[in-house]
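Next up is a structure, given as structure tokens.
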Amino acid sequence: MLLIHCPYCEEARPELEFRNGGEAHIARSTSIADESDEAFEAFFFIRTNPKGLVYERWRHIHGCGRFFNAVRDSVTDKFLHVYKAGEAKVEPSALMANLPEHGAYANVPAAELNAKTPARKRATKDGEA
Amino acid sequence: MTAANFRLSGQGRLGSARPVGFSFDGKAYKGVEGDTLASALLANGVHLVGRSFKYHRPRGFLSAGPEEPNALVGIHRDAARRAPNVRATVQELYDGLTAVSQNRWPSLERDVGAVNDLASPFFSAGFYYKTFMWPKDAWARLYEPRIREAAGLGVAPHLPDPDTYAQRFAHCDVLVVGGGAAGLAAALAAAESGQRVILCDEQPELGGALHFENGAVIDGQDGWAWSQSAAAALRARDNVRVLTRTTAFGYYAQNMVGLVERITDHLADPEPTAPRERLWQVRAKKVILATGAIERHMVFADNDRPGIMLASAARTYLNHFGVAVGREIGVFTANDSAYPAAIDLKKAGINIAAIVDLRDNPSGPLVEEARSLGIEINHGRTVVRTGGRLRVTSMTIQPKTGGTERTIPIDALLMSSGWTPSVHLFSQSRGRVAYDEASRRFLPGTYAQDCASVGACNGAEGLAATLAEGYAAGEKALKELGFTAKASRAKVEKAETWGGGMLGAVPGAGPEKIVKAFVDFQNDVTAKDIRLAVREGMRSIEHVKRFTTNGMATDQGKTSNMHGLAIAAEVLDKPIPEIGLTTFRAPYTPVTFGAIVNHAKGELFDPTRRTPFHGWEEAQGAVFEDVGQWKRAWYYPRKGEDMHAAVNRECKTVRTSAGMFDASTLGKIEVVGPDAAKFMELLYTNPWAKLEAGRCRYGIMLREDGFIYDDGVVGRLSDDRFHVTTTTGGAPRVMHHMEDYLQTEFPHLDVWLTSITEQWAVIAVQGPKSREIIEPLVEGIDISDAAMPHMSVREGTICGVPTRLFRMSFTGERGFEINVPADHGRAVWEAVWEEARKHGACPYGTEAMHVLRAEKGYIIVGQDTDGTVTPGDAGLDWAVGKKKTDFVGIRGLKRPDLVAPGRRQLVGLKTVDPKVVLEEGAQIVADPKQPIPMKMIGFVTSSYWSENCGRSIALGLVEGGFERMGETLYVPMADTTIAVEVCGQVFFDEKGERLHG
Amino acid sequence: MRKYSVFAIAREAMRGHKGWEQQWTSPEPRKDYEVLIIGAGGHGLATAYYLAKEHGITDIAVLEKGWLGGGNTGRNTTIIRSNYLYDESAGIYNHALNLWDGLSQDLNYNVMYSPRGVMMLAHNVHDVQVLKRHVHANRLNGVPNDWLTPEEAKEFCPPLNISKQARYPIVGAALQRKGGTARHDAVAWGYARAASARGVHIIQNCEVTAIRRSSNGHVIGVDTNRGPIGAKKIGVVAAGHTSVLMEMAGVRMPLESYPLQALVSEPVKPCFPCVVMSNTVHAYISQSDKGELVIGAGTDQYISYSQTGGLHIINHTLDAICEMFPMFARMKMLRSWGGIVDVTPDRSPILAKTPVPGLYVNCGWGTGGFKATPGSGNVFAHTIANDNPHPINAPFTLERFRTGRLIDEAAAAAVAH
Amino acid sequence: MAEAATTAARRGMLDHRSDVINGVSLVPAAPAYRMSLRARPDDLVALGERLGLALPTRPKTSASAGERHALWLGPDEWLVLDLGGRDPMQDLAGLQVLHSAVDVSHRNTAVLVTGEKAADVINAGCPQDLSLQAFPVGACSRTVLGKIEIVLLRTGEDAFRVECWRSFAEYAFSYLADAARGV
């Protein structure tokens, strides 16, 4: 169970109080009726699904009820940043300094298992997408 | 010490504890309070307690703790309270305990399954992948049932578990896992500034390895005594919670650790209401892991006979329980830690037949002490086999380079190949272990969460280092939390120190020998099985594990994983870290399902939601159906009526007089604010701006993809206030969906949403007499047709309480829906009922409601639509605002496939034989004579007998259905084919005149 | 490939099992292959096997970043069934089921396909409508799926609690008798061995870091941690990691990857004869040959590649199990684990060509991919070999999300896979 | 809602249920006026004046004036409770300030949990930290209890008010009772 900091309640709360709202920063067009099939597909179906920094929406549904955005590392599930709906997206480069080292997880190649400092390269590219 | 009494007076800590009677396999024994089942059986000279999984080999106790792979028994309190696969080394003794052995027939001593041992050359690792394939269906029919019978260990309980379980969410500043010396020191230090500390340990008392390590002196006290006074000091503090018999089984994200506390399993007569176990979900700011280390066995031929056990286990039985595990004991070791066992036993008057030490020149104080006690030490030698069937009787030793064999009679054999740090929880926290080549151990490397490892699990050698690490970690945790306080540190004055050891099989169990040198006892995995797996191409340790099942038994490889890894590495000629380590997964030791479920059983499995009228409905004999979490009155059978008769009567009564229906479960949302209408325009397909206050409209809500999401009648109470209704099942998700759009897409709108589903109880009064029924009760509202036409809403009072009165209909009759504050609902319902019965009306349930609405062709979202249906498909195009430029779903509706011809459309279906009622879900075809697979062009969504129409009626989604009016289609059933005619959706009062009276 | 048989075992038993060959070889990668398959799970290995067996293409490498069969193939609850609603779904899952029946003989590897019956429970009127719709559609599609009363269901599965007093009483069940389970590792190993025997290279610990394309856009190979490898065609069969790989070729996918957990109990003597699924109370359970109760849990709510999930998901699953089988409350959870499942918006897979010439994708199996393994590999091999889908997988395109021609089993049925 | 003029009797969801288990008392709360209030920061003063208390603006806090309490539920959301028979809806009637006031008096039911182990009992199903530092007297929060949503208000060191929707009240009461048996 994750522990999620709600920017409105100004406190970390257990995941049981939250509902994930999928990828963040996918704006609904103000003239959606005129969008092309491709644009609608991109809006409604296509998802970044990154292995690394994921920008996502959460709703504190059993708390303050507010939607907000979070940046989380989808490999470690650690949160790097939370911010209120409507606040500007923080670019990945600004968050990299906070990126925790990825701990051991299943499927670690044997050769890497013993590495004292795990590689950090991966997340940069994914987060930018 | 008599023939069957291995309890030594003056040994151990149980002293003159109260005697306790128990039974094993029907035979009565005596133990003492404080015993485990294992120590009590050993005190009675019983070593044989189980049979292995595959070969059914006789097995005894390997350990004195939770790592036990062999001594698994069933514990039977009564017919329903039967727990399989309980580790006898952990189960505490209580008066009357009944234990039975497992995986044997007809008896533990004479087990027919042991023929597998004779046939073992055929049962090599993974043999089952290579055979049992002919003839084709013989696997499932013939082989698999036999294999299943032979597999498994204990017997699953067959009666519902009568015990209760509890749960607690807890928070603390520092969680210390493990109450040995390291954990005690860490907790003492962390508790110093008053911060919240939880210390848990799986054993009944704190103390950890001090249970057996009896040479230690700390602060002038014996090590055990120090641990008990430290435990008492911690217990005395308000800010410390000490949980014993509590296993930390799982380390989850963000420092959440799952603990399970065993509360009553050690009690003879637990309080009937006391929970058996409690699940703790602890969220800790800091976690300190002091989980210790586990001794490994030696991998040599026939190392599994009862009486062969870990050296530290024998020491625990002696020093804590006062029990000798034999009288003529051999020791086989590759490190110093077995020596104290021999020394302690020797001092207690037990004969040590010989120590066999694989090392060429063992030396040091422990070796010297053993020698000085006159114990024979055979260095540079190995045990090549053991004798005995149900108990070890001899060991045969040989120089490890080969040479003369010598057989030594023994009745127990202690072994130690070194210690494996317990990094299970650290690894579960996703920390990365690092291999320490010098000590051949995996130790905590890179941390992924806010935790620290101290003591033996961190590779600390010796008691002084262990305590120092514990104190330091406790102080560091405090400092990082912003506190400074220093606990006084205890001083270690005397302690044992050992290290080293070996991994893998010993010489003599080498590659060329056809011997059973067990690596994993329970799963009967031998060194040669691991070698075979590598030979067959298994390169990854995960493949080796899965192919051999090494480490997959109930002990999850606590003693076997490192040996398996070392053997695989040796065969592959690669260093151990290159082979990798299998993933550690929760739980650390098996956790009772009941503890995980805890309160969520019976009525607490899922909430049962009842309306304010439920009691009345129940008293009227209503039969209820589950709709989501709600119980809804389904139909009201009178004496002698079946469902069919009751529903027919209810339907008939509504259309001739009136009926009362409980509509309270429908979702209700109050939409309030100056932009309320703008918001409704965006969320529903319909136009709302021009709807006058006091009027209602049927609204359709789509998902962005254009498919129907929900529907309901919406009343406009005033310019800035709408009373929206949703389907019963849809209420929560519609609210969430609306909030999502309001907060994230349309935050500029001045409008708020409030769920009022449960504020209002709703009585639907439907039928030609509905107005007469409610008229005497309503105040302040003119309910004449002229003043209050169909689809309008008024606020006033009924029976003296406020009401929102809707004139609306889901039956096609004149109808009202009376909303009253829920606590008043029952009284108002009863008042309306008093009026209603004067007119011959009746209550009706959801089934009659379904029939009545189907007669009118009104859809039920979720039954006549299924998430792939557009308003156009459902014949509801009229409800989509054609001039609107935006609403949720407007773009989705225009997608190519949603405007393509041939979509499934909702139509009426009349069976050619009017008496035949179609089955809901039945498929429709155009050509019934085609071969299978048939081309299905639709299916029946709703189907009923309509008493009012005098025939069956049905709705269905049919490809191009609107163009097929009058066409005959077919519903092929298993035994017959039913012809149906496609018709309009409305079966009754097609012009809708009855709505208006 | 030396044939496995009871006689081979007897021969080897006499000589200490010294004569067994490697089940598959572990060659160094060559510079070029005709076809690269990325992902050595069941689907990827089956694809390679059928390319070799049915299409005569043996110049294939299967690249695996970890160990073969270590992803969802080795982490699922091994349920096999084909009683899906839509013709398209029934088509592919039934194709798979037909291949399961006989797969051990085809591969000369006992995959332990055990048609013990998969029973799906109905707890209310809506469930009955949904499951009956399946039963009827299945019958007309030639997929036997029987409707049972609660009493018949209990007879088939004696531990079932059919009390009317249960919170969600069982009111009926649909039973596909040919459904059942198979041994997951054996499926990966059996395909690996059979493919390797036909010359396919299986290259483990080989992670793809880039997909290379020529100036005209056609794929030409990949970069890996073991160097570049050229190829004319590339099939991506990477389950949870599909989005990451397709991104390397510039294709954005309609996929999200979620953690899916499962657990087993300690082993006990046979007590559970079939597979039982309940979508209303969210429970999926069977008993393995070893005696463990195998229990599928739900997905976590957020995307993740962590292969772990929350304890509360396990709580919910066991609530449901103990509600339906109250005698199991004293059983113990032995092991729990997580996989990464890739989920499409309509919960149906994508098995198709992509906008990039020479690049093919097989993904989106969500929580139900194991059962499709042979069928999926078989038609995906056809798709790669012919640069054109097999009629069975033709509907499972990427384009359907643009046109709206979805195969929405979940929406249509409220039935989880 | 003019209670005095009511002819239809009132019947609560938890009538006749109350219990003392292991020193923890579980009692259904008396009927109360409840109002869901939504408003923007600029309008809080005007609303507070009408209601007779300053609406709290810090998360997890409540404000009280006599028998009336305003619980912060979200940045624009309050649950106003009146246990003294004064209907807050009436107080806001006609107020020309942007807000939404909705009567939810009957939507919710409450259980009063008191006793030394009250927090432990609630923590059997509520995952929040209920220590006095983290959740002092007067603190309030919407959160969960087992499988339902609740609004929790700490009314004393050993006393809580657990509000939930009325059809969940039986579940809440039973959960708390089961938890009390297990503490």
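Letters are used for the chains, namely A, B, C and D, taken in the order the chains are written, and counting of residues starts over at 1 for each.
As a convention for this text, a contact is a pair of C-beta atoms (placed from the backbone, for glycine too) under 8 Å apart; a residue touches a chain by one contact, two chains touch by 3 or more.
The structure displayed is predicted, hence computed values, not measured ones.
> Which pair wins on C-beta contacts, A-B or B-D?
The comparison resolves to B-D.
> Just the number, please: Cα centre separation of chain A and chain C in whole Å.
A distance of 28 Å separates the two centres.
> So, what's the distance in Å between the C-alpha centres of chain D and chain A?
Roughly 34 Å, centre to centre.
> Which positions in chain D are in touch with at least two other chains?
Answer for chain D, listing residues that touch two or more other chains: 127-128.
> If you look at chain B, which of its residues touch at least two other chains?
165, 169, 252-253, 256, 281, 283, 430, 540, 583, 600, 603, 606, 608, 705, 892, 895-896
> Hey, what residues on chain A touch two or more of the other chains?
1-2, 14, 16, 19, 37, 40, 44, 65-66, 76-77, 105-106, 109-111
> Go through the chains and record each pair that touches.
According to the stated criterion, the contacting chain pairs are A-B, A-C, A-D, B-C, B-D.
> If we count contacts the way the header does, which residues on chain A are in touch with chain D in the complex?
1, 8-11, 13-14, 16-17, 60, 62-66
> Mind pulling up the chain B residues that touch chain C in the complex?
53, 81-85, 121-122, 124, 127-134, 136, 139-140, 144-145, 147-149, 151-161, 163, 165, 250, 252-253, 256, 258, 281, 430, 514, 528, 532, 535-540, 542-543, 546-547, 549, 552, 554, 556, 583, 585-587, 590-594, 596-597, 600-603, 605-606, 608, 625-627, 705-707, 862-863, 866-868, 892, 895-898, 919-923, 925, 932-934, 936, 939, 941, 972-974
> Across the complex, what residues on chain B touch chain A?
Touching chain A: residues 169, 252-256, 281, 283, 427, 429-435, 445-449, 540-541, 577-581, 583, 704-705, 736, 739-740, 743-745, 747, 885-886, 890-892, 894-896 of chain B.
> Can you tell me which positions in chain D touch chain B when the two form their complex?
Residues of chain D touching chain B: 1, 5-13, 31, 36, 38, 76, 98, 100-108, 120, 123-129, 131, 134, 146-148, 165-168, 170-171, 174-175, 178-179, 181-183.
> So in the complex, the part of chain D that touches chain A is made up of which residues?
Touch residues, chain D against chain A: 59-60, 73-75, 77, 127-128, 141-144, 149.
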